[in-house]
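Report on the structure given below.
Chain lettering (A, B, C and D) follows the sequence in which the chains are written, and residue indices restart at 1 in each chain.
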Amino acid sequence: MIKFDCDYLEGAHPRILDALVRTNFEQTPGYAVDDYCKEARELIKKECKAENADVHFIVGGTGTNATVIAASLKPYQGVVCAVSGHINVHESGAIEATGHKVIGLPSDDGKLEADILEEYCRKYWADSTYEHMVQPGMLYISQPTENGTLYKAEELKRLREICDNYSMLLYVDGARMGYGLMSEGNDVTLPLLSELADVFYIGGTKVGALFGEALVIVNDSLKKDFRYMQKRHCGMFAKGRLLGLQFREMFIDGLYYEMGAHGIKSAYRVRDAFRKAGFPFLYESSTNQQFPVLPDTVLDILSEKFSWDYWCRVDEEHSCVRFCTSWATKEENIVALEEALSEFSAKEE
Amino acid sequence: MIKFDCDYLEGAHPRILDALVRTNFEQTPGYAVDDYCKEARELIKKECKAENADVHFIVGGTGTNATVIAASLKPYQGVVCAVSGHINVHESGAIEATGHKVIGLPSDDGKLEADILEEYCRKYWADSTYEHMVQPGMLYISQPTENGTLYKAEELKRLREICDNYSMLLYVDGARMGYGLMSEGNDVTLPLLSELADVFYIGGTKVGALFGEALVIVNDSLKKDFRYMQKRHCGMFAKGRLLGLQFREMFIDGLYYEMGAHGIKSAYRVRDAFRKAGFPFLYESSTNQQFPVLPDTVLDILSEKFSWDYWCRVDEEHSCVRFCTSWATKEENIVALEEALSEFSAKEE
Amino acid sequence: MIKFDCDYLEGAHPRILDALVRTNFEQTPGYAVDDYCKEARELIKKECKAENADVHFIVGGTGTNATVIAASLKPYQGVVCAVSGHINVHESGAIEATGHKVIGLPSDDGKLEADILEEYCRKYWADSTYEHMVQPGMLYISQPTENGTLYKAEELKRLREICDNYSMLLYVDGARMGYGLMSEGNDVTLPLLSELADVFYIGGTKVGALFGEALVIVNDSLKKDFRYMQKRHCGMFAKGRLLGLQFREMFIDGLYYEMGAHGIKSAYRVRDAFRKAGFPFLYESSTNQQFPVLPDTVLDILSEKFSWDYWCRVDEEHSCVRFCTSWATKEENIVALEEALSEFSAKEE
Amino acid sequence: MIKFDCDYLEGAHPRILDALVRTNFEQTPGYAVDDYCKEARELIKKECKAENADVHFIVGGTGTNATVIAASLKPYQGVVCAVSGHINVHESGAIEATGHKVIGLPSDDGKLEADILEEYCRKYWADSTYEHMVQPGMLYISQPTENGTLYKAEELKRLREICDNYSMLLYVDGARMGYGLMSEGNDVTLPLLSELADVFYIGGTKVGALFGEALVIVNDSLKKDFRYMQKRHCGMFAKGRLLGLQFREMFIDGLYYEMGAHGIKSAYRVRDAFRKAGFPFLYESSTNQQFPVLPDTVLDILSEKFSWDYWCRVDEEHSCVRFCTSWATKEENIVALEEALSEFSAKEE
């Protein structure tokens, strides 16, 4: 079975494993105060052109999201996001577990439109009973989104303006940041994110690390005592140097971008293969998640050789499925998929 | 200024104040274990034909909702409701403060349609990643709803079935229960609620008490240690007998229904006055909240003599406003409104 | 049965009931923005010589404590108190329910000694792993304490200094403030509390109100958006004017102090009667709670006519019990107790 | 510098790294439903003679503790432990963050004496106001304790009895389980723990894994929906197979015990070296943490070559320090310490 189910099917880039093996018996202090962590932090800050940022390493996106949100908001504030936002849908209530409401606004493709956000904020503050309603304190967006779409620089700037106008923080979930950065037409760089966001994270788990995310806190007011919050939310990793080693490896000479580019290149071959076979897509994704809409009969046949993530039913005879590529996607698997799809295409003609 | 803003503008029914004055210097133990509370509990259980129910007295609807939900759900469960549900909109995140997600489903008039609920549940349990999504553990409805509408007995039975099929508890918020019970065409009685709901409350604050709600726990599995939860959620009232005294007075000879009937009768005169003047309504309310849609010019004139709750803008020249009546609404105020509106009607013709 | 069990056995001072009756049919807006609340706020600020303070009214001490603590602390901070503090023992975990640890330090009589607090803080900040330990963010004391004892002005000043040195807020729980203020030898006034504390409350429930506590927020940094917190913690009372009316009545001409003085005068007669009969006390209380240590045989006899709160076993034949007086204690009941004890005394001789 | 600071200074046992490298490009499903996890679960259940247990893998002890406690307790229940328990001291309030009070009872050496626990429970349930106090719902112990001490089988049985008598769950934190199991005189085996505890965990992080703990849920009532709780508390590891691979390696042929034995053997040489030099110990530890009490002058000299964890001041001239050994402790480092200490001993004579 060739799997396109998700982007965390394999282990880690071999260079990362090498680094772990090579340093295995060094003795370093725990909890991410070792030299590897320090070096990784410096590399990331340089990459972001954010010399004054604080960088923390956390295991897992859900933990990162919950810790950041709990650390940033007042108890009576909530976090606004697209209704499809990971925090609203796929974290088993980890945000609400910290006492905060997730306020999901309508979205067709995973992106939150500025107008929708602005209208929400305007109405909220115009309501005379606003003290009885959760106060919007933060905007959460994901870049790329859960649907593979990307915000453009202009769109982010507009969202930032609205956040400023309505006293909201801007937090960017970058679980798949590496793929977004290397996507065609992308104009959102790490330095730009450091300019626009108050806090964001660069995902490792889905882009070639064994595990780990690098949180970049730009806004000074969010920096104090963050390590307490990490510990309180069970995200203070004992052998912290494992996180430092990985991010050091990924950012010392561009490995992170290389891995992102591989995932993107593979994704476009997958996308083109589906396109060529004449299948439409549910979302216009330019990243490593592709959402073709296929007849169930086609899925039946493909399922003999391939697996994927079932997304949703489109109509009685069609489904949308998610095909993910990653830093680890093998050429031969892409070729196999291309062949399988080309036969389809032939049959359909 | 004649106020129709809400149903908690005045104090309490004079008989209730009398009872407080009469018993003022009696010495009774605290925390609702006194004889007045016991008697009130028995009266309510009798009224509900629910001899095995547990009855607790809590101050305020938000506190009652938060305590019940926190007491009933597992940490990873959420509570489903109409998007307009009080817990979803107007409790400043009191439910999320207990760690639970509020899952708001679409609704036009405050009622949650059975089909919408069923489809939501079906999809939830069919999703292979359901462990990553908050589990729907309870259905919350309000009777009457925040929009003045009422569920019929048949509708409640259908919702109960869906709850049974998907292992959800059914909780009914009866902040304005007294008005619902006395509404024209209503077929939902306290005994029926005791049959269908796992837990519900009979509101006092908005129906003639100084304060206080009577929570009726029918489902045995929710009874154990509820008083701990009350204390933990700051809802264990020290001078408990004040709650007992009020509910005893309201249920000893039908005063609660009488007050509900007065509110309803007044509401219908308000409704008819708006109708007669030719104004439409945003919701088909048969209870003590009426939602006429008026030209802003009309509102300007009315505002010299009357006040109300501004609900929402309908179009550039019209707004929906809420007029509330209650157990305390004075005949003379209704007449004044009728007169004011009759003049309008005249002008419009 | 003559009850000395607690200080919330009766209703409220007749003047308070009168005020409720007199204003019963006035129409006032909800949620404590009415004129009675405004007037009560001004009276309290004047009494405290704290013109810039914010004053809020909340129902119940537990709710007040939980809301203040949740509003004031960062998520990773805890609240330090004497091990016997109400928040540590008798609130069913209401503080922990908001996510904060209660850090109980040793105390013999309900008061927290400055040296013990200072040593705790010193050690905490000297520990290299402090990020792994809950940060002390607030000191909670009660005045009077749960054991009837009182802090002197000098002691409070010393605690304030320590709070300043270790960046902790100072919060004073004044559930029985009225009795403390009128106690012999007391030198802690409301203006002094306003100088020393960041936030404190003046209890109504136990000092003659039907219910309600007046929270005084002195520290500017704690003022913003407090009403959201009140709503979130289920402490936004719908008919707010009932709270305003009561506190207005209590502070318009010194009724609060009068009621406190009555409770204290009664307490001293109770104390003297036990002393005269030769019984020792567990704590040196100068307020309305007295803790005599009595032979169980004596308790058996007294129990025919009187009731009280059982405090703890002292040895196999003696127990400590709590006798409370209040604003409502009747002369005749005191006399009855004096007589009963005088007979004892006679027997023992 | 030779470090004895803690037992998580190095990476992982080379066999574990080998397993990660060997399987790196296999494609396995996420979230611990892969075959490596399944196999690891079976191995652990067999080792525990607990065929019906549920086994889950979580990253980190704090996360495991918080998830288990939040999953097991009712909201109004607390967890009882020795005052020195990890959950009470070193988790930055992670337990309170889930809404539960940690009730620390006195302990001299990290173990909770049965009599102290029993007396606490007896008093709690005898108090007429128990509904106002957090209900003890679970006993938490660590085996070995934070002070290196161990419970004997008889002691555990007695604690179990008390838990049964007072309806408490028994949870055992086994962060250093591997060292306890291989300790001289230990009679507490994994099968015995499976008999006595409701739930416990076998620590990997401190005993040779890169990271990860294996939670064993024995009590059926705690099994349902645990994976939701894992996700909600940010402990659902994406590449779950990494956890499975590690525990499979550790339990397939006794590697876990082997590593534990190495740590213990090293610890005894450290212990003996201090003993021989005539230094006393703060606790009678038979496990991998040793707590010698040394003159500060000696520490000064040792600090040129060695590092450790400073524990506490004993008197003006002496300190207690913690020396940890582990699965990774090198013979040569032990020898160096022995030599250093032998010189001391010589000097002292």
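Descriptive notes on the structure:
Criterion: a contact is a pair of C-beta atoms (placed from the backbone, for glycine too) under 8 Å apart; a residue touches a chain by one contact, two chains touch by 3 or more.
Since this is a predicted model, take the numbers as computed values, not measurements.
Under the touch definition stated at the top, chain C and chain D share these contacting partners: A, B. Counting C-beta pairs in contact across A-C and across A-B shows that the higher total falls to A-B. Chain geometry summary: the mean Cα position of chain A and that of chain D are 34 Å apart. Chain A and chain C have CA centres that are 50 Å apart. For the pair chain A and chain B, the distance between mean C-alpha positions equals 42 Å.
Of all residues in chain A, those touching 2 or more other chains are 75-76, 91-93, 97-99, 131-132, 228, 231-232, 236, listed in ascending order. The touch graph of these protein chains is complete, with an edge between every pair of chains. On the side of chain D, the complex with chain C involves touching residues 75-76, 78, 89-93, 96-97, 99-102, 128-129, 131-134, 310. Interface of chain C with chain A (complex): residues 70-71, 74-76, 98-99, 131-132, 135, 225, 227-229, 231-232, 236. Across the complex, chain B meets chain C through its residues 1-3, 5-6, 8-12, 14, 17, 20-21, 23-30, 59-60, 62-63, 66-67, 91-94, 97-98, 205-206, 210-211, 228, 231-239, 242, 328.
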